[in-house]
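One chain, chain A, appears in both complexes that follow, with chain B as partner in the first and chain C in the second.
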Partner chain A sequence: MNLEKLKEIVRTVLPSVDVVVGYKKGFDALHPVPCFLTSPEEIDALVLNPACVHNLAAYLPSLKNKAAVVVKGCDSRTVVQLAQEGLIKRENVVVIGVPCQGTVSVRKVLSAINHQPVIGASFENDTLVVKTKKGETRLALHDVLSDKCLTCRYPTPVLSDHLAGEQIEPKTAGKEAYQDIRDFDARSLEERRAYWLKEFDRCIRCYACRNACPLCVCRESCIAETRDPHWMSQRATQNEKMMFHMIHAIHLAGRCTECGECERACPMGIPVAKLKKKINMEMKELFGYEPGISMDDKPPMYTFKVEEEKIEEHKIR
Partner chain B sequence: MKKARYLKKQKEKEFIAALGAKARVYAPCLEDEAVLFKPAEPDSTICLSRPAVSSPKSVIYPQSETLFSFRFKKDAEDKRRTLVELDDTIEVPDTIIFGARPCDARGIAIIDRAFSKTDTPDPYYLARREKTTIVTLTCPEPSSGCFCTWVGCGPAETSNSDVMMTEVEDGYLMEALTEKGEALLESPILEDGTPYEAQAREAQKAAHERMVKEAGETDTTPVDPETFDSQAFWEKAAERCLGCGACTYLCPTCYCFNITDETVVDKGERIRSWDACMFHHFTLEASGHNPRAAKALRLKNRIGHKFLYYGEKYDGIIACSGCGRCIRGCPVSMEISTIASALKKNSGTVSGEQ
Partner chain C sequence: MSFVGGKELRIVGFLCNWCSYGGADTAGVSRFKQPTDLRIIRVPCSGRVDPLFVVKAFISGADGVLVSGCHPRDCHYSDGNFYARRRLEMLKRFLPFVGIDARRFHYTWVSASEGQRWQQTVTDFTKVIHELGPTPLLPQNKTLPKEARA
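And then the complex of A and B:
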């Protein structure tokens, strides 16, 4: 990731927009945070490294005026999807693409350093060097990448007005993106049910997954909370929690760009992205559609065909 | 009242099991990578080496609880009338929280005031509170985001706990601080703790010094009113906030709730469940008006409640115990400590942020 090139681009773009959404340093070196630049003096505070995990496109629908946004490959798909759905105006967004070799899973890093407080971290080529009071740990970047990055098909943004770096080829070419889902699906129904009930048991209904999701657009009208109509109970039972997560997943059918923010945001570490990935797999098989790839596509749930090629229910057999 | 006993590390499980014979025991258990307060089972992996993701407040103040159940019935005498049958029995077993941190214990004390020092003390909360014994562990090391000493708490703070346990050679020194705590230490599994007292004092002192080095001494500077009322300050502070409830639900001191009636046909329950002031719905009025429609206003209220309003009501106490959970658990690493510090400094911005 090329920080100098990014700063150069931001410097040129800034005068033509209200705000540039990028990353700056957070409470420790493993936690850069989203930042909103409005003046050239702030440019030097920009950070860009594999710990820049957030999908900044999530902020776009809430920004009123023209904005520039720093996006990785997966995040760029969100921009496309948002524009297709009319949730943002393409002409209001300057897309600064960042070719990305993968972002780190902070959970994996913390696990590898036995949850010691981090006092420093740096990235050297394919190595992450983490400093704690107990010393330095060198971790192979590949071992601590987010799961979504291990099967990434779009390391270079699919859409960008400026590209901070050279195009990169997916390292995972040929690897099946949905193999993990197929393996999971092979388990028995009872096993899968038990798995999810156990995982959802620790859900605290904080809705971090929902709010971090760039494509969760119901906002204040989310059925999880509305009183009128009163769709869901406020009980903290496994059933209620499971119901909420299923609705979240279903609402993203043919829309989820697999940025993984829902799962990353979960403070309890529940693998909620797995549900969305499963639905994406089904959508791909059924409609041959992958969300957020091309501005010219029409998402399948936004259109209608009298005879769907792979849905046979209307045919008399 | 000081009674010091010694718990050998090897006997930790046996001791917890013995406690379990008398009461429900909640302990920090490892679930995948997450440390969560859960009922301790024989096969649980107890993890005391790092703070739990969420506080143990849910043991006393559950995420969702039934206040009463009700049933509508036709009056047998007069069919035009509907009667309501209520059941509001509160049944609470004896409970032990094992391995809380001093910030957790302080959090519970902060919630205590809200539910007891009022004209209408809360019977549900108080019933649980009374039946609960808190065993607190001296925090050996600060975690990322911890700032307890800055808000007047500390890694060896003993107030609000019934037993204080401090790591010493091969085990823990267990010191009773209350009668409840003393009763809990009546156990043949424990040995005489006197030989370990000096060691424990040393460990507590060292822990405190380490934390002060990390987060600083208690800051009693009042919040600057001008900064507090600056809209620009809050808009800047809130700009990356996603408006979820992770901070409030992980917080050991947040106690706001919502009440809903969950009715199906002729029967139902009145539920009390946690609510979060960062949610849009929190202050949504029946008229449709929302006095805190913007996230900046909601953040102002959240920080204001902890560092200003609570103290105005209860002797200047800060309703934050500096546990750092909201910082560690936030999807965008919002830093309450930095925001509060900027509010005190009268700097007008949150530029103090790293």
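And then the complex of A and C:
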């Protein structure tokens, strides 16, 4: 992640767009926040490091005029997906890609330093140095990476008008990326059921996962909240919690770009991204489709083939 | 006729108006014997069946869900069942991931003239559901009054 190169690009891009969406320092060094640059003086406030976790492409559908956005590999897939579905206009977006070696999971870092308040943090090659009142802790970056980054297949943005840095080769191939899902599928049905009931039980229905999701675009007509049709009630029961997560997962079938924002936003640490990853794995197997890779693709649920190669008629058994 | 004298279970069927609902009617008019566990919901087309209908049925305590439409290429609206096939296949593969037995969900194609085939489908599916027994209840469903469950 090359901050100087990024600033240089932003400086050249800024005059031709309304706003540049990037990251700036937040309340501590571990929490950069999204920022919206409109004037050249603000450029020096830009930050770029593995703590820049947000998927900034999520802001694009709500920006009316021409905008530039800083995207990592996974976020660039979101841009492609949004454009593919006609939710943004490609010509209205300037994509500034940053090749990314993985972002940190703040949750993992905080638990490694016993949730001490962070005074400072710096990144040195493969090490994260966190300063707290009790002293300095050095953490290997690999140990605190987000789970999604451990199986990243697109460290270099799939789409970019400007690239801030050198291309990075992916560490994982397609097959290994879904190993965790296959392992989970190998468990017994009863185990899987118990696992999800326990996880969903913690859900407080804050809808943070939905709000953070760049592809949840129904806004005020989200069926989790509409009362007509009345899909769900306000009761905080396990049925409703499970129903909500099913809605989120199924509405993202063949669309989820695995940016992991849902899971990161969850205050209760529920592994909600796993549900979407499972569906993505099936989409790959059934239709050879990966969301957010090519602008000319059509999401598999929006189309069909008269003769499906991989779908066979089921026998009752 | 409840299935082989045992306790009746709840199976929800989503049937397309043009083929499968007609097929079920044909089976009825021909006086074919069928198990009575199935509750039919008529929909305009199998393409109308949102995978979430099925999920909602399961979460509300259905023991089995059956979706049936026109045979591929025979859809009244020309391509509704093609979309349905993709969605329902996705769902069928997804359900076991959250602990719902994929055998409890079946989707098939029955035309309006296939009364016999309809009878066979219902009988076979009901048999499978009875072998599997009632769906394991969600904790909240356990506290529902008995009438709402059974």
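Keep this in mind: the second predicted complex is superposed on the first by the 310 of 317 C-alpha atoms of A that agree within 3 Å, B and C clash if a C-alpha of one lies under 4 Å from a C-alpha of the other, contacts with A are read in each partner's own complex, and residues count from 1 in each chain.
The definition used in the following text is that a contact is a pair of C-beta atoms (placed from the backbone, for glycine too) under 8 Å apart; a residue touches a chain by one contact, two chains touch by 3 or more.
Predicted model only: the values in this text are computed from it and were never measured.
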Given the touch rule stated above, what does A:Val118 touch, chain B (first), chain C (second), both, or neither? first
Using the superposition on chain A described above, determine whether A:Val217 touches chain B (first), chain C (second), both, or neither. neither
Which partner does A:Ala265 reach: the first (chain B), the second (chain C), both, or neither? first
Where does A:Glu190 make contact in the superposed view: on chain B (first), on chain C (second), on both, or on neither? second
Now for A:Gln234: first (chain B), second (chain C), both, or neither, which partner does it touch? first
Dual-contact residues of chain A, meaning touching chain B and chain C, are 237
List of chain B residues in touch with chain A within their complex: 31-34, 36, 49-50, 53-54, 62-64, 141-145, 239-240, 242-246, 248-250, 258, 260, 262, 271, 273-274, 276, 279-281, 284, 327, 329-333, 335, 338, 354
Can you list the residues on chain C that touch chain A in the complex? 51-52, 55-56, 59-60, 72-73, 79, 82-83, 85-87, 89-94, 96-101, 103, 106-109, 121, 124-125, 128, 136, 138-141
Complex contact set, residues of chain A against chain B: 25-28, 31, 33-36, 54, 58-59, 107, 110-111, 115, 117-118, 133, 202, 204-208, 210-212, 219-220, 225-227, 230, 233-237, 261, 264-265, 267-269
Residues of chain A that touch chain C when the two form their complex: 184-185, 189-190, 192-197, 231, 237-239, 242-243, 246-247, 249-250, 253-254, 275, 278-279, 282-283, 286-287, 300-301, 304-306, 308, 311, 313-314, 316-317
